[in-house]
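In order of appearance the chains are A, B and C, and numbering begins at 1 in each one.
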Amino acid sequence: MSLTLLAQSILNGLAAGWIYILVALGLTLVFGIMNVVQFAHGEIYMLGAYCSYFLIKLYGFSFWEALPLSALLVGLLGIVLERFFFRPFRGRFEPSIIVAVGLMLLLQTIAVVGFGTDTKSMGGIIPGVLKVSGVTLSWDRLIAILVGIILVAALFLLIKKTKTGQAMVAISQDIYAASLQGIDVNRISAFAMVIGCALAAIAGSLMGSIFSTSPFMGTSAITKGIAVIILGGLGSIPGAVVGGFILGLIDGLIPPLLSSTMAGIVGFGVIIIVLILRPRGLFGHE
Amino acid sequence: MNKATQFIKPVSYPVLILVLFLIPLFTKDAYLLHILIMTGINIILAISLRAIATTGQMSLAHAGFMAIGAYTSALLVKKLGLSFWAALPLGGITAALIALLVGYPFVRVKRVYFAMLTLFLGAVIRLIIMEWRNLTRGSSGLLNIPPPNSLNFFGLYNIVFDSKVPYYYLILVLMLITLLFLYRIDSSRVGRTLLAIQQDDSVAESVGINVTNFKVLAWCLGCFFAGIAGSFYAHFIKTLTPDSFGVLQAIYVVVYMVVGGRRRFYGAILGAFILTLLPEFFRILKEYQPFVFVGILLIITFFLPGGLADLPKLGASMLRRLKGPSVNHA
Amino acid sequence: MLEIKGLTKHFGGLAAVTEFDMSIYSGEVVGLIGPNGAGKTTMFNLITGFIPPTKGHILFEQVNITGKATHAIAAKGIVRTFQQNAFLPDMTVLQNVLTSCYLHPKSGVWEAIFNTPGYRKKEQKALHHAMEIIEFLGMDSVSDELAQSLPHGYQRLIGIAIALSANPKLLLLDEPLAGMNANEVNETLIFIKKIRSVGTTVLLVEHNMRAVMKICDRVVVINFGKKIAEGLPQKVKRNKDVIEAYLGVSEDAA
């Protein structure tokens, strides 16, 4: 394998890795920290993409206007979902899973029925590619990476440095003790859900723009997201970053070396091995 | 009241089974038979999912294991020329082996993460089927899968699989075997142990129960029957595409089980039965069918968490309340 | 019967148990006492294999059981109860106790499925055994009630019944008297005496000091993961370090 091809593969892998991290970020907040069994997170991501699509195509917004708007709208949806679907079953494993799974079905069907099964394109963000000594990276992906970096940093600061973030951590460790300390669990949970859904919407909008939008994009998102946070450890932001990179590199390097099938198998295999050795993931605590 | 039910119960099951066997004599309607056959498949899927759920684990990979059974069986017959009658159990066994492979790391994690892992596993299985084009022809699908080989009994009676009727009998037999086997497990000490593990696995562990082994047992057992259902499906529908075995299908099986009720054994049967038949009444709204499903699911989750199987109990307690306190309360 | 040498457990940087030595002899009732957070439940978890020790070893009837799996240790004869949620809530008392007749008598999965005569005999034996335990603890009137619908005192008894029907040689009771009124405490103490009289050795963690004085042959005191005293209950009660350990806690609280 030539050096250029190797370098390109690694770069592709790292770029893909950041995109996986983007997808997993909201998931690690909602699933890992707030312990909400949000299987429908992929569908939220997909709705964020469609929201941006319609804002751009129907209302003529630019991508950079549509992005925060879509995050806002989807975030509001998140409040409704948290209040009516997740809060009544908080702490009860089985109903939570049933509801989450039902939501998956519901949201995906709404998309299929409402938007049609064909893939839609909302046009890229910035056309063209960046070429440096033989390896290329499209501007779109670079932007996605930059947004990803900003969001990871922002989320990390939110969790570590703000009172709200610390409240979230307290809730994740012991919800009862947290409420005894005077933390308004309901308000914080709703807030976390908004942030999580907003992150999903941003990721979905970016991905929908770089690639395409379809009602089924949520399924591959949640799959990748789950893989990243299981590998990296639930509730851990550094874990999500590391997990995303590992999986991204696998997806970047294995297909040119072996095949796409092997990439899926190797990725799965890595997760199994990590699970056997460290059942909590690479950086998982709890 | 008690004497009547004591008499009815043991008689009703053989009568029911007899009726099921006699149905094809009264109707040769291919459409109706097709629906009943699909119901049989879904019952096997739902009851085997329930087997996994008795230890408290929720599997979202059931469609994936059905796919493993389906593709294994189809490929064994198409590429290696095996008889269907050998391929069927091999499909189930392959599914069980793959379940075993991932079983031990999977069951050790918390229940929520187990569900996540099975979701992921199901997606990976589908991905592998799609990408391994040399073997499975990917999204184009596996076509022209042969029907089961004809059976010859004592040189006299020949069963050829050229209409729905023999398929009906086959799935009926498979379903009854599955139900009998899983029912025996459920009502024996194994079932009691599995239930104890679901309620509190620390307590179970502390009295000498190897919780991990039992969880893996329940998991492999459930996946085995999913594989069997898949094998049958492959040779019945005769075409396989990876899209039939995605997360959505796995969710459907979960819905069958939950709507029917997970606690009682017949709950899963009831759920699969009703929810396979119900869409046939809504044929016009085919696209909107998932909405109906989700609606039912949410109603059950919010108002009747034990599933439809809880209705008799609910009805009985409501009756008791209406009747008021009784002197002869047992 | 049970020998613990140099047992140490670190959780990250925190030393929960340090260099703990203890011996338990057959037929005794030994009390393990100490202020909250001293490491008593950790000791139980270590002995029964719920967590592996960082250092040290545990011998049971001359066999090294350090780091073995809990169910294997239970098979060897050490069974514990739990401080909270010690029972199976959605099952009847009888089903609760029947569940732990798993080992005695043991039966395979296949014979259960095929309902062989051998299996049926074993089930009968198990049922008999379970009813014996239930009667032994005076719960035969509620044997068909759902465990979660019973009052707290009964629920703790169910926990003990579950542990007992696994035929333990050494029974570890984790705060069996918690939340009980005076009557229930006395009844439970009678049960513990009965348990000892059939040959089972008992290791007891308790906060109820009067009960400990009444029922224990020997007492071991633990504080901050270290053994600080050991001996006859009356002697230990007067031990300076022990008094300090308990008073120290209440002074901080004041």
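Annotations
In this text, a residue touches a chain if its C-beta (ideal position, glycine included) is under 8 Å from a C-beta of that chain, and two chains touch if they have at least 3 such contacts.
Computed from a prediction, not measured in an experiment: that's the story for all the values here.
The remaining chains, considered with chain B omitted and nothing else moved, group by touching as follows: A | C.
Of all chains present, the one whose mean CA position sits nearest the global mean of protein CA atoms is B. Comparing the centres of all chains, each the average of its CA atoms, the largest separation from chain C belongs to A.
Centre to centre, using the average C-alpha position, chain A and chain C are separated by 46 Å. Mean C-alpha position of chain B lies 41 Å from that of chain C. Work out the mean CA point of chain A and of chain B, and you get 32 Å between them.
Against chain B, in their complex, chain C makes its touches with residues 48, 50, 69-71, 74-75, 79-82, 85-91, 95, 98-100, 102-103, 107, 109, 112-115, 119, 123, 126, 159, 162-163, 165-166.
Interface residues of chain B facing chain A in the complex, by the touch rule stated above, are 56, 58, 60, 102, 104-106, 108-109, 111-113, 115-117, 119-121, 123-124, 127-128, 131-132, 246-248, 251, 254-255, 258, 262, 287-288, 290-291, 293-294, 297-298, 301-302, 305.
By the touch criterion given at the top, residues 181, 184-185, 188-190, 192-193, 195-196, 199-200, 202-211, 217 of chain B touch chain C in their complex.
Within the complex, the chain A residues that touch chain B are 31, 35, 37, 39, 88-89, 93-95, 97-99, 101-106, 108-109, 112-113, 219-220, 222-223, 226-227, 230, 234, 259-261, 264-265, 267-268, 271-272, 275-276, 279.
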